[in-house]
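The next block holds one structure in the form of structure tokens; read it before the comments.
Each chain carries a letter (A, B, C, D, E and F) given by its place in the written order, and its residues are counted from 1.
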Amino acid sequence: MGKLTIGCFSSLVGSLSLDFSVKLAEAAVKKGHTVDYWMSGNATMMSKKGQRAFKDYSALAKTVQELIATGKFQITACEACAEARGYHKEDTIEGARRFSMDWYLASAFDADRVLHIGGD
Amino acid sequence: MKLGVIMSDYRTGEDVLKRLSAEKLGIIFVGNGVYHAATKEAGKTSSILEKTGNLYVLTEDLESRGFTSANLDSRVKAVTYSDVVDLIFNDYEKIVWL
Amino acid sequence: MATRKLLFVVRALPYKTEASRLGLTHAISSQSVEIYLKDGDLVEASIAFIGDGVMNCLKNQQAMKHYGLTSIEGHMKNTLLLDMKVMVCKEDLDKFGIKEDALLMDAEDIGGETNTQIVPYSEIQKEMESVDHLLFC
Amino acid sequence: MGKLTIGCFSSLVGSLSLDFSVKLAEAAVKKGHTVDYWMSGNATMMSKKGQRAFKDYSALAKTVQELIATGKFQITACEACAEARGYHKEDTIEGARRFSMDWYLASAFDADRVLHIGGD
Amino acid sequence: MKLGVIMSDYRTGEDVLKRLSAEKLGIIFVGNGVYHAATKEAGKTSSILEKTGNLYVLTEDLESRGFTSANLDSRVKAVTYSDVVDLIFNDYEKIVWL
Amino acid sequence: MATRKLLFVVRALPYKTEASRLGLTHAISSQSVEIYLKDGDLVEASIAFIGDGVMNCLKNQQAMKHYGLTSIEGHMKNTLLLDMKVMVCKEDLDKFGIKEDALLMDAEDIGGETNTQIVPYSEIQKEMESVDHLLFC
């Protein structure tokens, strides 16, 4: 079993890139791999507590919570990116953490694979 | 190197992809990248399909956009999220998102 | 008493951004705009799909099955149900080799009476000229 | 003097499309025009209270507040788009309102010009 | 109609812009659209510059990207936000963002 | 004791998205990554600009003056100050007709000793092969 580090940087709520990365993480965890997930840039939108599930938007919060519960999935938001968007510590979904960018690079250190979704 | 490219767009990234070279190269079409695998323009298939023999498309994204495997270019293999995980861990050492 | 005409021109591929989805939902909201206006005043929205935007019109989009997400097709159906004018550029369909039977052409199954219109670009151009404002997405 | 209705749909915090639309509104108001500004999709990020100003991010909140104070600038967020992102009524910056999408189309009714920044 | 197009991108939108026709057409390059006005590729200027004689570029966006008016194609006029407001209200009836 | 090498490959134009900005700031954060690692373990980041990405390297970017926004140039300077390897693809510069004097080539004014390297694509390809992970942005 391996470790996959995913960095999602600028995917939109409303696009399916963020969905892709979460579903990929889910599939990897199901197979017994561990996944570190880094939210940076606009992807920190996923860390915001209290997102209402509409059918017109993908609702990823539930999947993320279930993944956290497996113990094989760590999710961390870039603290500065979150603050810049007005997401403070108390706004963060349960189980998600906030660190500076070096957390992501440290996670890459012992990752078997890194998927950096850097632009779109 | 063994390089897996996840191609997520239809109108950008082609210039970068074309120059990548690898001992083993695989391309996985996801998101709007699936149009490379499922459409033609003026009768021509995407030139990306000539880049390698290892071509995959994510079934979930293909079907979300109104296509089925019947629309696929015969060179492209339909895969699931679970298959993509295996491709990432077993077939390629480095993974790139375009 | 006046009517203002808006044309939403969808040129973006579906799903990667919200552009086409939001274009359609905003066009649909023209149906309830009177609450803000004087009696008899109206906003009339029509929709044209051009370029890559024609891909929004494919039927059998399985976004709900795979992502729990309303498909663009579903929104398009609603526009037809509300008798909005929906045009798709013929030249672009031809370029992609898309035939009429691959497109969402009507909303009959939910009681709609209006059909999608496949038209040459020149008709979309005319529509652009006739409306008051253009909203490209 | 005219009325300009701007609808900003999917611009990113961190891109300059959102900045463009706000600076354009500012220039229009300075010339005596009135501006209605509609935030939809990811542009509702601009309506979030408590955004911390970093030099790496454009900080538009101050400009928006100054524009509201002129009385020639109305700014409204799409309520559903905001809720989907976890921005509730109490999260909204002062002076910004929340309505359903028909507000935007009603604003277009008597606008002299409409600028719809619909995709990017 | 008198149509003002605000062109905000470099790699997309050209296909749509090329087909637009108007009695009077103006193009204002903003954001990453400024590359159409300030760069060449393989010695060639952007073909968009041949679409109309009314070409403008937003100075603020040009300079933010490291260009000056010295880089501009001679057919393109540098304007400010204030000028753009005047173009929108005085010169064009409909405004399109690409 | 091990070193893991990451290569950030910047292919996006600056400003429209945060891709290049975040690529650079994340690369820079490799300098403080040891706090998470065992003694002697290291993460080494290098940066290559290819395709449209070379536009990030132009000097005299006035984003701060016009938008109150740190320029990409400023971040690039920081990478040079920290002695990170910064490569720019020569063929792409040639394609756009960009000469060396238009580029941010050093961070001497803030005490940096490393220079930007203009290299053929083949060298960037070699770097891609030699690192552990590729991060395209």
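We adopt the following convention: contacts are C-beta pairs under 8 Å (C-beta built on N, C-alpha and C of every residue); 3 or more make two chains touch, one makes a residue touch a chain.
All of these numbers come straight from a predicted model, not from anything done at the bench.
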Going by the contact rule set out at the top, which chains touch both subunit D and subunit F? A, E
Separation of subunit B from subunit E in touching-chain steps, minimised, is 1
Compare the CA centroid of subunit C with every other chain's and tell me the farthest one. F
Distance between subunit C and subunit F based on Cα centroids, please, to the nearest Å. 43
Intercentroid distance (Cα basis), subunit E paired with subunit D, Å: 23
Between subunit C and subunit E, the Cα-mean centres are separated in Å by 28
Could you grab the centroid distance between subunit A and subunit C? Build each centroid from C-alpha atoms only and quote it in angstrom. 34
Give the residues of subunit F that touch two or more other chains, as numbers and ranges in rising order. 11, 15-18, 25, 67, 69, 133-134, 136
Where in subunit D do residues touch two or more other chains at once? 10, 12, 14-17, 41-42, 56-57, 113-114, 116, 118, 120
Indicate the residues of subunit E shared as contacts by at least two other chains. 8-9, 11, 31, 60-61, 64, 94-95, 97
Between which chains is there touch? A-B, A-C, A-D, A-F, B-C, B-E, B-F, C-D, C-E, D-E, D-F, E-F
Given the complex, residues on subunit B that touch subunit E span 11-12
Sites on subunit C touched by subunit E in the complex: 9, 11, 50-51, 121, 125, 128-129, 132-134, 136
Can you name the residues of subunit D that touch subunit F in the complex? 12, 14-17, 19, 55-59, 120
Subunit D touches which residues of subunit A in the complex? 10, 12-14, 41-42, 45, 48-54, 56-57, 80, 83-88, 91
Residue numbers on subunit A that touch subunit B, as the complex places them: 2, 4, 15-17, 20, 23-24, 26-28, 30-31, 33, 112-118, 120
